[in-house]
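We call the chains A, B and C, going by the order they appear; numbering starts again at 1 in every chain.
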Amino acid sequence: METALALRALEKSFSSHRVVDGISLDVPKGCFYSLLGPSGCGKTTILRMIGGFGEPDAGEIVLNGKRLNGLRPYERPVTTVFQSYALFPHLTAAQNIAFGLERRGEAPAAIAPKVNRMLELVGLQEKAGRMPANLSGGEKQRTALARALVVEPEMLLLDEPLSALDPALRKRVRIELKQLQKQLGITFLFITHDQEEALSLSDQIAVMNKGKIEQIGTPQEIYLTPATRFVAGFLGAVNWIDGIGVRPEATRISRATPGNGARTVDAQVETSVFLGDCFHVQTRTSAGVTVTAQVSHKDEPFANGDRVHVWWHAADELPVRE
Amino acid sequence: MKQGRFLGVFAAGVYAFLHVPLLILCAFSFNRSKFTIWEGFSLEWYRQMFADGQLGEAAWNSLVIALASTVLATAIGTLCAYGLWKKNSKWLSGSLYLSLVTPEIVTGISLLALFQWVFRYWQVQLGMHTVILAHVAFSIAYVLLVVMARLRTAEPALEDAALDLGASEWEAFRLVTLPILKPGIAAAALLAFTVSFDDYVITSLVAGVDSETLPMVLYAMARRGANPVVSAISTVIFLGFGALILLSERMQKNP
Amino acid sequence: MNRLRALFLAPSAAFTVVLFLAPMAIIVGYSFMTRGVYGGVTGPWTVENYQRLFDPLYGVILWRSLVMSTLATALCLLIAFPLALFIARAEEKRKNIYLYLVILPFWTSFLVRTYAWMFLLRDSGLINSVLLSLHVIQKPLPLLYNETAVVVGLVYGYLPFAVLPLYSNLERMDKNLLEAAADLGATQWETIRRVVLPLCAPGMRAAGVLVFIPCLGAYLTPDLLGGGKSIMIGNLIQNQFTTARDWPFGAAISLALMALVMVLLLALLRRDGEEAL
């Protein structure tokens, strides 16, 4: 697949603290690509360097064959959806969207239809004349998205654009965002610390920690075959039993001795938490390790203090190195 | 709630202390008598005030000086606030804040010393221009203070967003930050206008024969003794400033 | 960006250098020179002007300025604290009006505000007229042209400087603290003394410095309300540059005053940081 964005050995330090430490990656054209990591892992710094808000100390940023290093933000063919949306408070939604087209010197006659098409695309025709202060959170987010997309950037940078929305809305907007990206075919570089968001949206994910990339892969790859303990732990809960990682949903417990082929340890039930769709049963092994198993309603109920066998299939062990 | 009542009474007392002297002054400007005994309503002192040519000239001078220095100081101070907001310059912001707390008399004599020194080499004299220069110099810090307070509440990502969408740095300032700053700039201009129009100490030191201002005339009249015309002028200034502030409040509420 | 920023800062930098720093530098220079025969300044260089600051003749004026400024500052704090507390505890929608009423006279000409007190206090002023007509007194009380009148004028002039920082300090304070202290059995006065006042210390310091500095440099108030008798540093400086025509000495007093102001400000900034102001 053709590469849209290539980062080559990118480095950036703030007062001797290396925030971005040798990042190299390729974002394929038309890809929904996520940088996933905890806050402070350097992902936002990378996004800002691509946007032109800070130069790397070393390394290259290449977009569709063109080197972006040293270009001012307004010289770069990328646009950003900011975490706070950064809508201009003195301009209406439509004027916000028209801003980029006007800066590019497009004729007023050409601007209006483009703005209208964009408003329609994000479903904001009714709100065109509203000031940002009179828009809801979701409407602001869509205005920011429309404002960044209307100038037809070669790539869209999204800096945690869903984090300001309430959880219920976030799930809905997630689906809309994914559909929009597929529809337009524009390359998205999406920054998030929310693994569920990254897994559900992305074609590819780069998991970052402490300024370095831990693993790059599809959502399935990084969830099912995490390369490092950090990736395994960051993407979901893991039971670590003698250095072997098993996700709670792959961990079974039973009173009877499990059949052949299963790996097993003895444990005692500590608590059992009902989560609606399942139970999380927390046990303690004889070695003193806490292990959580996801148990369906249909399984036999467990009481605190029950002596049980914790077991799993070898195939479900996470193949982490270290 | 004994304490609450005590506070209320106390506050009423302080407000009386702040406002009653001015209200009395205004009231007696309408007194028929020259003395501080009420003898009936009269506009005599206002008539005398408007008939006084020297007063009129001084008021005109004050207005010209205040307008000129307000325009200049507001422009310079706003640009300065923006520049310092982007990246602080310790010597500049430090000097400007120091100028704000410098006693007026020190500012006045130092400017006088400077002008006298310059005039030794350059044949000019004290006049309107020196007053305006002095006023701009001490008003910049006031403008900086007000505009900076507004900038501190502005979101830095807004300018990033403008640059990101293709605006140059100048366009980002002109099209995004400047419109957002408007209420702050208006407030700063109002403050600059009042401090300029009101200044006596610095002005009296750097003014020439042709640039007597209203506060200078007012000062001379006040020193000479009781004069109801001073009360009349005070009332006009009081009401004038009051109207100006109300106007600016209106403007800030419905832009 | 750097070019645009430089362009933006250039005018203010030019004004600051030419019309603030250069004049100050001239004053520093003058303060080490000798008074000329016809006024003006000449050589030789000397520190005599600074030594004269300790001359009892001038020392008494400097001392008076310090005492009157301290008194005015103390009175301002004493008046401002309950008022700030009143405003901070008022209903939300009324707070702005109350604050506005504090600032409003401040927007009026300082000269007019000072004149208003002359109008009240002078021999033929309102207070004396009323008292005379009521036959409470037989001849006018000497209310104007004394130190009391000056202190009243200073308090009147700079009270808002004390109210605003105290108000913002009280406003930031957790309202639950007041209630909690009352719940624990403290009377309201004890609450104020033991909880509110200690927490208000930064506001008190800021308010104190903000009032003390302009009081110390006051010129108009002692001039108009004190007459020739209760002059302060500001009047002494003005006198050296006009009537006495001793510029070097005037410059030395100015710098001593500036030094005092800067020491106070720096002390406050070191203690409470930049947010203090």
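Worth a mention:
The criterion applied here is as follows: contacts are C-beta pairs under 8 Å (C-beta built on N, C-alpha and C of every residue); 3 or more make two chains touch, one makes a residue touch a chain.
Everything quoted here is computed from the prediction, not taken from an experiment.
Between subunit A and subunit C, the least number of touching-chain steps is 2. When chain centres are set by their Cα atoms, the one at the greatest distance from subunit C is A. In terms of C-beta pairs in contact, B-C outnumbers the other of A-B and B-C. The most central chain, judged by the distance from its Cα centroid to the centroid of all protein Cα atoms shown, is B. As a whole-number value, the distance joining the C-alpha centres of subunit A and subunit C reads 57 Å. For this pair, subunit A with subunit B, the centres built from the Cα atoms lie 54 Å apart. For the pair subunit B and subunit C, the distance between mean C-alpha positions equals 18 Å.
On the subunit A side of its complex with subunit B, the touching residues are 51-53, 72-74, 78-80, 82-84, 86-90, 99-100, 103-104, 147-148, 151.
Residues 155, 157-158, 160-168, 171, 175-176, 179-180 of subunit B are the ones touching subunit A in the complex.
The part of subunit B that touches subunit C in the complex is made up of residues 2-4, 7-8, 10-11, 14-15, 17-19, 21-22, 24-25, 28, 35-37, 75-77, 79-80, 82-84, 86-87, 89, 92, 95-96, 98-99, 101-107, 109-114, 117, 133-134, 136-137, 140, 144, 169-170, 173, 194, 197-198, 200-201, 205, 215, 218-219, 222-223, 225-226, 230-231, 234, 237-238, 241-242, 245. By the touch rule above, subunit C contacts subunit B in their complex via residues 1, 4-6, 8-9, 11-13, 15-16, 19-24, 26-27, 30, 79, 82-83, 85-87, 89, 98, 101-102, 104-105, 107-120, 122, 124-126, 129, 133, 156, 159, 188-189, 192, 213-214, 216-220, 224, 234, 237-238, 241, 247, 250-251, 254, 257-258, 261-262, 265.
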